Every structure is written in structure tokens, then in C-alpha cells.
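Below you'll find a set of structures to go through.
Shared between the two complexes below is chain A, which pairs with chain B and chain C, respectively.
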Partner chain A sequence: MKIKITTKELKSDFAKEVKERSGIDVKKCYQCGKCTAGCPVAYEMDYMPNQIIRFVQLGLRHEALTSRTIWLCASCITCSTRCPKEVKIAELMDVLREMALEEGVANPKEKNITTFHKAFLNSVKKHGRISEFWMLSEYKRKRPKTALQDIEIGPQLMLKGKLSLTPHDIKGKKSIKRIFEKFK
Partner chain B sequence: MSKKIGVFVCHCGTNISATVDVEKVAEEAKKNNPGVSYTTTYKYMCSDPGQKLLRDKIKEEGLDGVVVAACSPKMHEHTFRNASKKAGMNPYHVEISNLREQCSWVHPDKPTGTEKSIDLVRMMTEKTRKDKSLNPIKVPVTKRALVIGGGIAGIQAALDIADAGHEVVMVEREASIGGHMAQLSETFPTLDCSQCIMTPKMVELAQNENIKLYTWSEIEAVDGYLGNFDVKIRKKARSVDLDLCTGCSSCWQVCPSKKIKSEFDMKLGNRTAIYIPFPQAIPSKPVIDREHCLLFKDARKKNIPPNDSKVCRKCLDVCPIAPVKAIDYSQEDEIITEKIGAIVVATGYKELDDTSMYGEYGGGKYQDVITGLQFERLASASGPTEGEIQRPSDGKVPEIIVFIQCVGSRDPAKGCSYCSKTCCMYTAKHTMLYKHKVHDGHAYVFYIDIRCAGKDYEEFWLRAVEEEGATYLRGRVSRIYKKGDKLVVLGADTLTGSVVEIEADMVVLASAMKAQDDAEKFAQKLSIQYNKDKFFSEIHPKLKPVESSSAGIFLAGTCQGPKDIPETVAQAGAAASKVLALLSADELEREPVVAKVDRLPAPIFSTCIGCFYCKRVCPYGAIAEEDIKARDGSVIKTVARVNEGLCQGCGLCAATCRSKSVELAGFNDEQVYAEINSVEFS
Partner chain C sequence: MTEETKKTKIGYYPGCAITKCSTSEEYGTSVLGVSRVIGPELVEIGDWNCCGASSAHATNHKLSTALSVRNISLAEKDGYDEVLAPCPMCSQRLIISQNDVHEDKKLREEVEDAIEMPVSSNVKVSNYLEIIKNYSMDEIAEKRKKKPEGLKVASYYGCLLLRPPKILKFDDPENPTTMDEIVAAIGAEAVDWEFKTNCCGGGFTLSRPNVVVKLTHDILEGAADAGANVIAVACPMCHANLDMRQKNIEKEYGRRFNIPIVYISELIGLALGLKPKDLGMDKHFIDTDFVVDAFSNIEE
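Then we have the complex of A and B:
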């Protein structure tokens, strides 16, 4: 995809907004690329992690928020740990994911990942922790194309007690609910 | 009596011994060579024990000739000659056979390396046999320095020399000293005001009793040599008598010719025809710009002496000095000669002003595309806008400024391959100065690399980005065009792989630091060398960084290459210390390896036929014409004579002379033929 940067992007408040939401100052990044060099999923990404930061620096909102990269990021935090300028890249990816969902521009190619994230959170919301069985069934119901994926390891996991049918709610379920309400 | 020669073959660690069988070379040196009475090899001849070995053997073996087969004579000839001198031998009986640079390093295998080394050593033994004792030439020293150029480099050097108690003559071609530093607004990396740190130094220089200052003056000619230069200085007609004028300012206030572009303000402001370049000028006395003065224009048109013109004379009329006015329209250039011992060249740089070579940036047509120094003047409190950032075309405060780095630098296609070294830093500074003055302004910088490698420099430019909010875009700008009152800048950001299009109000070009326009001519006047970019050359980039190619002439500041103020001042101090070392002796010793034109008894006097081909080829101007006169004073013939003080022993004259009248001490024909004849050609 060809990108054109104009005065409009350069003058936009995207970086400021990101900073207000996350405390991350992307101006600190000097584009050394160390984050990209250590990222375990960089090979799959459409833009390298350092490019995502560059997009934020230059006000390229659309490029950053519609990228697949922000969804492919596995939140392993290797990048943040190794960044010489202490930029919290992994955390930045989180904020960008939130913004993408809010604005309804999340990359459609990565719908599986968004659905998975949502199923994960729904499960936590309901039980205070995840119930692997119910989380997976929600995910597979919403993404029918994935229904048969990895199905063969199901029985094995069940036998080992890793896919319990009855969810085990935690004691502080109510507090967890409150957290969710607070961050609606 | 034939000489007793010792041959010392060095291993140079394994530098030589890896491809040369040093033992065999030593052995062969003795064979069929009755003169060689002692040979040895040693791991490092230049080391302390190596030199001791040389000294001891000279004494023990009674040697009166030495061949050291080692590295290039450029490296250690001096070392070994000194060592032999300590052992009581005349040092000019020591010769160096270069087995390293000219043999072991260039030959991959031992047999050829060894064979060639044997030849090289034999050649030098034959030369040594014919060496004569030579004694250093002693020249008296004039304890007086000349500093050319009154920028910060010249000022620093002059003050350092004067403070050590020596007289200094300073020659500055402009009406005031100060150079470029006086034009700067604030200086990186501390952002202190340039004038505030510069003016005290200028005043100090003016008040220093050891310093004689010639402004509005230029070097006409430099004759003589190290310790004994004769310098002709042209004091250009200033039309104002510096002794009478008090700098009262009456004249430049009344001058009706007011619309002349001020050079000091980089043409962004105006000045009068009689003017001081800037308020803090030293001397703070005016000069008449004869090209623009109405009176001189009229005189030229009518072809009459300026004094006869009645067109203006306002400055003269208002001048309060009596009975003789300080203004003198009939003043003419004056040539002054000064005797000088050592010279510091500090003629500085010029900013690339020929932006027309960048047609793609408007070729100098767009008023709001300005240079770095123009921005300095805009940001300066004493500048044409009193420090307010206003664009030249309409005085509007720019909301968006684009800065373009490396303009004219690192651009081989435009004939300039080097990095100007200061522009990354001054551009970062410019973005800060702009943001300090225009808080909601946007600064965009196009760059290819950021080169901020000084102390506190990295932190400085990062401050421009992180704290002041300048946005850096990695790429060069390919085009600027006008759209309404905006300048559209087309660039790229290679980090995102995108094209960038910015509608700017003003563009600042970080223009290259270039050599002065007249650098080449000036260098030829002083017989100093310069590089492809016309910056003056030091003799050794690492070990002799302030020495020019001519003995007694030193380099300081940006005339030698782009640099910032801290580096300029450090180099000026270094040049001053070299001058002081020279001036501290009453007599100087010079290498006796100089040329000589023969002198014979009458009626021949000399075999020189006076063709003066030698004079034409000598790069140091060391050949003089000498009249041989009869008793009655009539000239019998004119022949060449070598000025020993100037001769650097290059030998060009000896090689050129058709009548074989010139001989280079230590390299006479007999010696050179002996070397050549000793080679066994197979």
C-alpha cells in the first residue's frame, strides 16, 4: 500500500491522544528497530512494530489502526523490555487495538483474533477467570470456519482435565464484574 | 679511507619477518661488501632497546655509517638519526632501507621478498658509503606572529599568542573582526547568546597592547620563510581615518543611500553606504562602500576625483571632528610590510550561497526559502526583525517551517561529497529557537542521517524532538514549488516508505560550509596545500593537524574544514601553542637536506645558465635570481640561488636543471648513481 503524508497528518493530534490514553510518548522512539528485531511474530506482520510507532509519530492514524500488526502482536513484551529508549511498545499495541475497536476500523482479516480476544474477556467477565471449554465454544460458534480447527486434540485435553465442562467460578467474581463495569 | 658500515635489519614484529628472511638479508649484506663490518637483526629497532643496540654498536664497532633496514624513512628516519647523534656520529651518515612499506607489505612470498630486500639494503649501503656530514641550518627568528582572519579562530589564536607576551599582527579583510560567530543568534549545545560570549573577546583583542589590528585589509604577498617572513599587507582605502574617527555614528545616520543589502544580515536587512557592519563592530568605526556611495558613483560617472564631486558629502559635513575631518574621500590603498616569524591562517568558511544550483528548491527565486545563516539573523535580537521570526516575503510569522539538512553537503552530484558537520546541530538549534518564539509553530526537518557526535550533542538534538516537538522525516526533499502564499515541499520518509507533501510557510536550507571563494588563490600566495574542496590541508591528519605544508604556517578553524566553535577554538589554541614553541627559540634549526646551485671561481662563477626552469617548478618559491656583479657593479650574469630557509628538499629543481648546476644535499648525483648501479639486473 502506498502511503502519502501531508500537512494534515503531520499536524494531527494522534500521538497526543495516544499519550493521553496510555502515557506513552512515541516521540522518544528514535527508530532503531530493536523492537522489530526481537519480535517473535514480526515475520507475519504487515508493518514492523517500529513502523507502527512511526505511524503514530507522524499522525498516520489510519495506517496504524487498520494494520494487522496490532492484532498479531502476542503481547510477549520482548520489545518493551529491550527498547533502549524505554518505549512501551507492547502496551502501545494494546491501546491501538482498543482505539481500532472503538472506531470500528479493526482489520477484517484478523477477525479471528478479535473474536478470540472478546470470547476470552466474556469468559473472564462471567466467571472471574476463563473457562476454556465455554470460551472456545463461544469463539468457534462466532467463527464457524474455525469449528473443525484443532478439534482432534479436544478429547485428549478433556481426558487430562484441561477442558472442563463445568466452569469454576472464582470467589471475587463480583469484584471482577465491577472492574469490567468501570472500564466500559 | 673506506667507511665502516653497520647494517641493522628489523623484524618489525612479524610485519617484515613474515615475508622477508631477515637473517639472510643481514648475512648477504656482509657478503662481497668489505665496507660492511657489522650486521645484525632485531625484533623492534625503534624500541628503546633497539635504539640502545644501535648506539652501543656504533661505539663498540667504531661505525661511521649505518643502514637501518626497517619501515619507511617517514616513520623513523628521525628516530635513528637522533640515536646515532647521541652515539657521537653525524646523523646524516644514517640511511633507511624501506623493507616494510616498499617490500614486505606488498610481496606475498618469502623468496621474492627476501631477494628484493637484499637489493634494497645493498643500494642503501652504497649510498651510505658516499654520505657526507651535514650540519643543521640555523635561522634567526623574528618574534612576531601574523594571524590572518579575525573570526573566532583568529581571535583565539591571537589572544593566546599575545597573552604569552609576543607581538601579533592581525589582518582581517572585513571592516570588523568577528567573522561568522558574530552573526549567530544563540549557539549549540548550550544556547548561550553568541554576541554575549564573542563581544568580550573582541574587545579584549582590541585592547591588547601586543596586538596590532589591520581591518579592511588583505594579504598582498608573503615572502621569506619560517622565522623570517616578509608580509605585504594591503590596507584598503576605508575613506575614514581610524585615528581621528570616534565612532560617533553621525555620518551613517545622515547617509541618504540607505537601501543597500547588509552582508552581515545576509541581505535580509539594509545598511547605509557609510556603515559599521553591526553595532558591536571592532573597530566601531565606519567604512565607505565606494560601490554604492552616491559621491563615488558620481565621480566614477563623470570620471573626476571623488573629492571634486559635489553630489552628496553629507557624511563629511556632519562629521564633528575638527580641524581635520575623519572622513577622507581621497584615501587610497596603502601597502605595508611587516616582518613575521610565524603565521596562523584562520580565514574561515563561507556558507553555500549559490542556492541557484538547487533549481528544484526554487533556485534562489523564492524569497521564503532561506539559508541557515539567514535564519540566524532572523532569530537574532540584533537582526533585521529584532529576533522575531518573520518570513522575508511578507513579514508573516510562519506557522509551519520545513528545515532541509545536507543542502550542498553529501551531494556528489553537485560536486560536494563531504559532510558539513555543523548543520545537524544547528538545525536542531533552529527548531528550538523557532519553537521558543512561536509556541504553536510546527517544525519539520528532512534529514538523511543525524550526525551529532560532540559532547552533549546527542542529548541536544533529542531535546529538539522530545521536548520541543520537532518532527524529523528521514529523506531528502526533491522539490519545492509555490502554491498561493505557501511553499509546497515534496519529500519522503523512508522509515514509513512514504512520500511526504508539506505546505509550509517558510523553508530553511541547512546550507553547506564551503571553502572561501578565493581559497585557492590565497593558498597559492602562501604556498600551502589544499584538498579537492579547497580547504587548506594539514600535513598529517592525525599527528600534525594544525601544521600546513609550509614550515612556520599553521591552520586554525574552518579554513581547514567544517567544524563548530568548540572545535575551532581548540584548534586555534593548538596553532597558537605551535607558534609559541617556534617563537620561544632565538634560532631555529632546519634540516640541511636542501638544494644548492653551484658557485665556481671566475670566470665561470656558476654552471647555471640562468634559464630558471628550476624557479618555475619549485613549489615553495625557494629559488631566487642572483646577479653576479663585476667590481664596477655591472651585472656579469644572473644565476639561480636557493633560499635555504624556504627549500623543503623536494629535489624538483635538481631533477629539472639542464646544466646539472643544482645539487640536493644528501641526494647528490654520485649517491643516486651509486644506488642504481648496485642493483643487479637479471
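Then we have the complex of A and C:
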């Protein structure tokens, strides 16, 4: 892997910004690679978890925020648990995802994942709880290529009475809407 | 609320996945069924909301924190000083959020303004294994009616019960033993295996099923090769991924596991002599008859 680094990037405040938002200090990382060694999804990632930290250390904002890795992190927190320097790597992925969405640069190849999150939260916003059926429908509608995937599971769930078409609305729906509006 | 009721009543936060007519309803059904026999008494928190799960914390930290904390504040309002969240996604989110608002005063103020309630710092959020270990081990020994025969159980903990260990403060993150102790308490054999704390792919069921198929294959293989004939779980996502994906795994890897995946609460319920149907044993994808039949002997 060869990435060109400019002086502008090296002088950038990316690491500082990440620290201000999350309290995570990437400077502590000495690149031992233990996070990558234990990551169950590393095999699917475009950059290894320790490389993502390196990007932040070096101010490579674009490389970090447009990576597929930040979306493929399953938040299992094995990395943060084992890090000898107590760098919260999984939590770093959270803040990078947040920034990627804010800046509109989330990698389009992982659109299934971002669409799923959106459909999930839309259901919470609307009802206060998840309506699995309607969340699923929204996801499949927005990602038509996934329509046939797992086609046999839905009917089986219904037969077992485990997929309800009726959403459950909580009484405090307004409070939930307020939370969503405050933290857009 | 009197001191006496405070001690025995625990606020119950089911979370979305384990309520009636949801994909993991048998977890909720069996947790409640078991608590009716051995306690502690569980009372549902009024008007709880979804904790936001991975989708909130992966995309919006403040939203995730507020959604989770609202439930803890509701529990405090109802007078509980302990809450059981059987779903580890929920318990992890609730505990982390409680910790985050405790550490960050500005976040705490923003969250209090959003939820229009004071943030509680006194309510303890517990996972299901903790509740059983802290309150019910003696009751299991006392009220056990059936002794399982031939059950070799792989206790599977996954991620969310254990990590991050400094905040969750539950068991050893690399080699946990609480579930194995419960398995032993109901008279079954807990096998030693290597995949207790591996990740199943969690919330990637829909968006990245290929990742889930690979990770669950590795877990099933680890359990089968260690001689287990059933996997016990305490997480709806672990359950769904391991139970529903075995056909895909067979297609992809050419190995048929057919291992029943049961909730630890279902195993406790069977040992207590509860009816399999009342525990939701008929709600699984992989047939659980073998597990139910293992509990046919009445204990002498």
C-alpha cells in the first residue's frame, strides 16, 4: 500500500478533532497491531484497524473517513479490550463513522450497512421501539438488490409468530421525537 | 416503596427483540417464566423505549446516549435501584451511556435537556447471567426437578456481555465462567472450548450476511469439535445468527451442524420442570426436541 502524504495533512488537526469529540488519544498507539490480530472482520476490510489509527495519527482524513473498514467494524470491542495502550479503537470507529456521515463521504460500497442503520433508527423515531417488519421492509425497499436474500426466513418467522405487522407505539412518542430532533 | 419490596423487585427492561411477537420472544418468555418460579420478581418499566442498539451508537453518540439513559431515568422514577436488561445489546448500551453521562458533565446536561428528566446515577443495570448468579443459584439447586442426560453444553457469551470490561465489570473478558457455572448448577456438562467470546457478526445479519455466515460457522465448528451437542446463549443476536444461519452455512461450507441453540433461561426452565412450550422451545429454527428430551428424568 502506497499513500502520498502531504505536509498539509501532517499539519492538520484531524487527530485533535477526534480527541475533542471522543476523548480518544490516537497518539498513544505505537502500532503493535494487536487490534488487527484479534479483529474478527479484518479479512473483509480495505484497511486494517491499526492502519485506520495510523491515518488519524498522520492527518489522513480522507483515507480514514472514506474507508470501508469503519463500517465493517462489528463493534465487538475485542481490539479496545486487548490494546496494551488502552486506545479505544472500536469507539474510534464510532466517531469516524459519525464524521463520515456528517461530511457525506461514507463509502458507497457499504451502503447496505448505512441504509440498515437509517431504517433501524427511523423505526425507533416513529414508534419509540423497533418494528422489525417495517424496519425490514424499509431496508429492502431502499436496497432492492437484497430483496431476494433470506427470502425464506421471513415467512418462517411469521409462521412461528415472531414477526408482527403491527408496530407497538410507546406513549412517550413525543419525547422520543424530541430526542431525535435535538441530536440530529 | 418499602425496603422489603426494593430488595426483591427488579425493574425489567425487555428491549425490542425479546418482547412478544418479536424474533427472539422465547428469550423474554423463558426469562419471565423462570423468574416466576425462582425469582427475583421482575416488573416491566413503564413506557420504555428502544436503546438505539448498534445503529444509534455507530452513527450518533449523543442520540444513542439519550435513548439509553431515558430508560434508566424511567426506572429510577418507578423506584427501582436495579434493572435487568436480558438483551446484552441493551444492557451494554445502558451501562455505557450511564458511564458516559457520569464522566462528561456537558453531555449529561445536554441529555437531561433532551429527555426532560434528571439523569440517574443510582440505578444498577444488570445482565441476565449476573441476576441468576447473584440471586438465584440456591433457588435453582433447591427447586430443580429434572436432571438432564447427555447434554454437552458450549456456553457462548459473545461480545456484549463482557466488553468493554472496565465499564461493564462483569466476568473475565477472555475466559468467562458465569454461564458455565449456571450450566453446572442445572446438572448439565459444560464443555471447554475456544470460542466463548468470539463475535457472531451481531447486527450484520441483514446488511452483511456473508460476514455472519463466516463467523457463525467458526463458532459452530468450535463447539462441535469440542464435543458440544447444544450451544447456550444469553443474547438475541447471537441466537438469531447461530440458529437461523445453519442452512446457509451448510451450503457455503458443506458441513451440517444441526446444533440446537438455546437460551440459558430455557435450560434453567427445563430443569425446573417448566413446560417446553411455555419456554418457547417450539420457536427455534433448529429443532430443540433433543434438548427437551434430555430433561425427561425426574430428579430423585
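Things worth noting here:
The rule is short, and it goes like this: the second predicted complex is superposed on the first by the 176 of 184 C-alpha atoms of A that agree within 3 Å, B and C clash if a C-alpha of one lies under 4 Å from a C-alpha of the other, contacts with A are read in each partner's own complex, and residues count from 1 in each chain.
Just so it is clear, a contact is a pair of C-beta atoms (placed from the backbone, for glycine too) under 8 Å apart; a residue touches a chain by one contact, two chains touch by 3 or more.
The structure presented is a predicted model; accordingly, all values stated were derived computationally and were not measured.
Of the two partner chains, chain C is the only one that A:Asn112 touches; chain B does not reach it.
Applying the stated contact rule after C-alpha superposition, one finds that A:Cys76 touches chain C and leaves chain B untouched. Once chain A of one complex is fitted onto chain A of the other, the partner contacts of A:Thr7 are limited to chain B, with no touch recorded for chain C.
By the touch criterion defined above, A:Lys28 lies against chain B but remains apart from chain C after alignment on the C-alpha atoms of chain A. When both complexes are overlaid on chain A, the residue A:Arg97 reaches chain C alone and has no touch with chain B. In the superposition on chain A, contact of A:Lys126 is made with neither chain B nor chain C.
When the shared chain is aligned, chain C comes close enough to touch A:Phe183, but chain B does not. Of the two partner chains placed by the overlay, neither chain B nor chain C lies in contact with A:Arg61.
More residues of chain A are touched by C (comparison of chain B with chain C). Taken together, the two structures place no residue of chain A in contact with chain B in one case and with chain C in the other. Across the interface of their complex, chain B is touched by residues 2-7, 10-11, 25, 27-28, 30-31, 50-51, 54-55, 57-58, 60, 63 of chain A.
By the touch rule above, chain A contacts chain C in their complex via residues 22, 40-41, 43-44, 72, 74-78, 80-81, 88, 90, 93-95, 97-98, 101, 112-118, 120-121, 124, 128-130, 132, 136, 139, 146, 149-150, 153, 156-157, 160-164, 168, 170-172, 175-176, 178-180, 182-183. The touching residues of chain B, counted against chain A in their complex, run 400, 442, 444, 462, 465-466, 469, 471, 473-474, 493, 495-503.
Considering their complex, residues 16-17, 19, 21-25, 47-50, 52-63, 66-67, 70, 110, 113-116, 159, 162-165, 173, 197-199, 201-204, 206-211, 214-215, 244, 282-283, 285 of chain C touch chain A.
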